[in-house]
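Shared between the two complexes below is chain A, which has chain B as its partner in the first and chain C in the second.
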Partner chain A sequence: MSDSAMQISQIHPPRSRRLLKLILLAAAVVALVALGGWFNPAFLTPENGLAILRAAAMSGIVAMGATFITISGRFFSLALGQTAMFAGVFMAVLMAQGLPFGLAVAVMLLAVVAIGAVQGAIISMGANPIITTLGAGALLAGLAGLTTGGRNIAIESAVVEWIGNGRILGVPTQTWAFLVSVAVAWWVINKTRFGRETILIGANRATAGASGLNVSRITILVFIIASLAAAMMGVFEAAQFSKARVAGFGAVDFDVIAAVLIGGTAIQGGKGSPFRAALGAVFIATLQNYMLLLAWSSGVRTLITGAFIVLIVAGFHIAGRRKGA
Partner chain B sequence: MAKADMMNMTGQGPGDVVLEMKGISKSFGAVKALRGVDFELRKGEVMALLGENGAGKSTLVKVLAGLHTPDSGETRIDGKPFSLGSARLSHAASIAVAEQELSVIGALSAAENIFLGGVPFRGPWTRKRLAKKARPYLEAVGLHHLDPSTRVETLAVAERQLIEIARLLATDARILILDEPTAALNDSDIERVKAMVVRLARAGHSIIYVTHRLGEVFEIADRITTLRSGQSSPPVNVSDMTLEKVIEKMIGRPLEEMFPHRASSLGAIALEMQGVTTPALPLPQNLQVRKGEILGIAGQIGSGSEALLRAIAGADIVEGGSIEVHGRAFPRAHSLPEAMKRGVAYCSSDRKLDGIFAELPVSTNIISPSMQRVSPGGLVNRRRIRALTAEVSSQMAIDGSRAEYKVGALSGGNQQKVALGKWLGIAPRVLLVSEPTRGVDVGARAEIYGHLRRLAEEGMAIIFASSDIDEVQGLADRVVTMYRGRQVRVVDPTRVTSHELVRDITHPEEEAA
Partner chain C sequence: MTLLKNPLLQRVLLLVIVYAAMAASVTNFGTTGNAYAILESSAMLGIVAAGLAVNMMAGELDLSVGSVAACAGLVAIMMSGHGLVIAIIAAVVPAVLYGILQGYAIARLQISSLVFTLGTFIGIRGLAYVISDERTLSLALSDLGISMALRERMLLIFSPFSLLMIGVLVLTGLLLRYSRPGREIFAIGGSRKESRAAGVPQTRPLVLSFATSAGLAALAGALASLKGGSATPGSYETVLLAAVTAALIGGVSLYGGRGSMLGVLIGVLTLQVLLSGLQLLGAPNWAANLATGLILLAFLGVDLVNGQSPVADAVRRYSLRARA
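After this line comes the complex of A and B, so read on.
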């Protein structure tokens, strides 16, 4: 016997609510940009716009991978920042050994696939994803620190230099990569069997298993995808300054999780949108850029970013409930 | 509190009207959940509150509990006007509700659970004093032997249910509302709860008893109020009613035959299992079912009836023996996907746990076991999804206009039709169903039985496990009774009485010993 009030809130087709979230988020970005331009014309220049998109690309690319983890019902990974760092360092070490760029990237990607697969396998056996990825992240950080002795590793390569600073049609490479990642993530989630299965195992793992889906396989793939997205960011990060750094990745996981949550992806799994997570990354990058232009201190910037995240996530929650009542 | 005190406290003779509601209405947006409901409750009576899902029972219960404020209508307690609208007011009216979902806290002791709402004494809060105070309430619900300091999580579900009721008594409530108290219990535990309800009524409590198990009504209720589409019909005495009349009142139309006809002819052997053992079934199991046959496995929860289905479905590890479907043996490493490939579908007894995706739309639920079919080459094909959804919806009579609704928003009957119907996509040859109508309305029940019979006639072999003897006897062509992990016997359901079946699955003489 179900409560009638509950029933009404639930029979609304989900589409309208998804649209509402998208509009809300887009409105937030537009409002921020308009407000920023009003107070500070330098904010509205095309060059600054590209800078914002480039900054958004870094956490945005990783967020595309992380969205899969969240949709699949495994919350999020706390190893993605360290995976990015490890990818950059490992590639730089290989290249320092004389490997050409292509080969170094291929070997590094193989290692990253293994890293993701092992985490996915452990988690699909029932381990808590937060604890598992926290451990994996520490392991990767330790490994990178051990091999490099904590020093940054320079990369001498014209290709890498271009990847980090090149432009296609006047738009930075990172931004292109971001756009492509969004398109690919959207396509995989919405158009492929794997994407649908990811949603199913996130919505109810037991039912998915009882319907014959291979939950372990999907979980492993999801963590491989997220790790690859992190590796991509790691390569761009290293390429930008032609050196792989072992520090400075501490805030990545926070930015990524914030982007996914601001995008309205349900933390309990089963629904979510890479597109909205991308908008979430753009929103955070815009906000941070604006505050940098105003030369606010980092404490204030962090405080305001945090406040906005709480506001937007709470806004979604309330909007989601209002719709039905 | 001792029973004698109860009687004195209320200061009334039996039979007086303690609660009277007139013209109670409550709407949620456009939906009118209650439309002018009249309700009355006398002192010391058990009033069964019946109705299909969505008839308004829950809303009425919530109004009484103070969780919903009625839009209109008046309520009288002991003849005096009383306005409900908050849990506090309901408490003042000495109304207490035991919700359907158990709300006892496992990590606390029985005594602590009983006094969750407030401790009945001043001064220090010692375990000993608490236990002493709790004792009379435990006795009132028949838990004489229970140590009040026992942690609740170590108790059986029935005992937890009884503690929940003891908690109501501790609030000094005179009007007790029990919302499906027996839904999660097995037969012997149900007896304890029923006996307790009768005792409480004799002690002067007035009880509103909400249930789906109509058999209980005739055993313990004095009168019946039925709700249908938010409207009430005047209360009737149980002694004037028959089961058929009650059902007709609930569904508002004459009840055609509840069960479909039996199989007229059977085909070749569809499934044969020999000497199968699993961790849950240490004794070797043999079973055979033919095309077109509906085989019923009768057994209580934990009797092994469900474990038998799980073994065939590949949901449990098969340790020994062999299973053949249409003459082809299962491989040694039997798994659920392997069973599905061989045309075995398994619909579990707990659809919320692993039968449906409550938060996802009907269409997504329907395609979930058929992902290969709707996504050739790994790419989702919308046309195939629509076609499969339409096909299953029409076969199972699921409202097609609701294809994009969340399954969790549908009635129990419709949810069950989705949980069953999703398997049609893999064209199963053997359909295994555990508790085919748990949490399903009477009206929808007959419909599901009809669907199962039709599927059998189309050549499927169906095995269902059920703890509902009427269902087993009415639907099955052949019945296997199970008790504690062994098959008692195989019988023709038309040639045994339901009492014999009950005896098979409960072994009362053994239980008593």
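After this line comes the complex of A and C, so read on.
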């Protein structure tokens, strides 16, 4: 954070440049869709479009929460996939005990808030965020195993069934939830005091602390928000198949990180937009879906995602330094 | 009582306590046969942790070690027909080159290694799936001798693999302590700005630390896969977590500039004794996750108080003021 003093003046880049970034990203999505349709007609069907949007919604919802972590200058969380898994499993276990859906969700959310708060508290004391969340993720995976004995838990509830597979105006519930979370995240970052404080501690933590912002409180809140977003995804994931799974969340963190970075959120904090991160999630989901239709192996897809992250991180880093110098 | 304040001695004491607790609750835990088994299963973790500890001492963190180990294991199995030495060279040399490139990129871009290696962590895992065609590769029957040779019991409780782990730890420990590049790694880890002001080169130690972490991860992955007789592209996903935990138990600080290879060895053994004990007690798979996660978070707390973290600085300021 030592060389970020000059970034304070860049918190508000000119409106035109922000718009340009947004248009560029949107153009990339459109170009990808057009190219995909050109080479593979099955890609452009409405059904596939909705499938992409549903996939984008899953990692997109988590990306909305993760954006807060990145903007606040704490890089990433590697525990979000595990948080989602734990949330789904915990809710399913509570419902299997006979709790009604609403109460089960409430208790689960309380637990998730606690999980996020503990991570945020440790990190706000200066611990390495990646390692802290890596440890918390292992802990959560262990807890999920502890509560279920390592088995998938079936959920029998009409409400949950509808949450997972229902459609409003022909659009899946997940997509609606995605749209709502984008709007909420955008509003919180841009229009609330807390959002501005998040950006400030990301831009320059020392200065923000010296000018009286409560850095610890904001850090804890940021991790609570991210954990809640992950829990939301966990509920949708469990609801889709009426079954809470104890495996298969390994790639969530990768997709989320890729979405946030492609959205141009500055990795050193202090800059970023939930709206662009959402477009990033759509971009990643489109790319993944297209590679899936091409029958490319998951290995190639992972390789490309990783290469993308390295290139984007290095690219933005170099561009940022040019501007600063 | 001043002897008890020696951090290394405290950690030895912890190891002894964990071992005694396990020996008391698991029958036949204290036998030489079990000591051999524990050393044997900690060999891979020890070699990875040695490389990662070098990285941590430089104040950086290479998240890609698990992915590199998986790739190296696959390559070693593919090349096993040409003999053990060729297989290991084929696995380790590309990894060292990759580590040099990665270290150079991080040094020149002055980018956070956490962020950069996160990308390679994902990408190299993908590469493992690509080079193996998503299949599990196994040693040919005619090459199974390699596997037997690596785990052959010798000197009561050792095997060639576990002896190699101890050799690697001793060698890196000596190099860190007595060679010029080793001292440079400590210097940039302890304090980047002051070391630069004192004329310590910045790029060379960084490159060296990343080459070490990648190279040793590859060596460990290659040997472990050869010993096990097969390699899958999804393997060694948890080794990063275990290695960081072991290094933290051993007193290596995530804030850089602190730690010793003797500490790493003690950390590796402590963690492995605990995990082996849990396994022998019949605890299910997720218990290892739970235990490692808890220990990692606990020792993160210890590191927060001991290392060069904001909390430690506050504590130091407070104690200075109290004394004045």
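The rule is short, and it goes like this: the second predicted complex is superposed on the first by the 286 of 325 C-alpha atoms of A that agree within 3 Å, B and C clash if a C-alpha of one lies under 4 Å from a C-alpha of the other, contacts with A are read in each partner's own complex, and residues count from 1 in each chain.
In the analysis below, a contact is a pair of C-beta atoms (placed from the backbone, for glycine too) under 8 Å apart; a residue touches a chain by one contact, two chains touch by 3 or more.
Predicted, not measured: the structure shown is a model, and the values here were computed from it.
Judged by the touch definition given at the top, the superposed model places A:A206 against chain B, while chain C stays out of reach.
Measured by the number of chain A residues touched, the leading partner among chain B and chain C is C. After overlaying the two complexes on the shared chain, residue contacts for A:I130 are found with chain C alone; chain B is out of touch.
Of the two partner chains, chain C is the only one that A:F254 touches; chain B does not reach it.
In the superposition on chain A, A:R167 makes contact with neither chain B nor chain C. By the touch criterion defined above, A:R151 reaches neither chain B nor chain C.
Interface residues of chain B, counted against chain A in their complex, comprise 28-29, 31, 33, 53-54, 56-59, 62, 68, 100, 179-180, 210, 315, 336-337, 340, 346, 348, 353-361, 364, 368-369, 371-372, 375, 378-380, 404-406, 408-409, 411-412, 422. Those residues of chain C that touch chain A in the shared complex are 61, 63, 105, 109, 111-112, 114-116, 118-130, 132-134, 233, 237-238, 240-241, 244-245, 254, 284-294, 296-297, 300-301, 303-304, 309-311.
Listing the residues of chain A that touch chain C in their complex gives 75-76, 122, 125-128, 130-132, 134-146, 149-150, 250, 254, 257, 267-268, 297-310, 313-314, 317-318.
Every residue of chain A that touches chain B in the complex is listed here, in rising order: 1-5, 7-8, 10-11, 13-15, 190-197, 199-200, 203-204, 206-214, 270-271.
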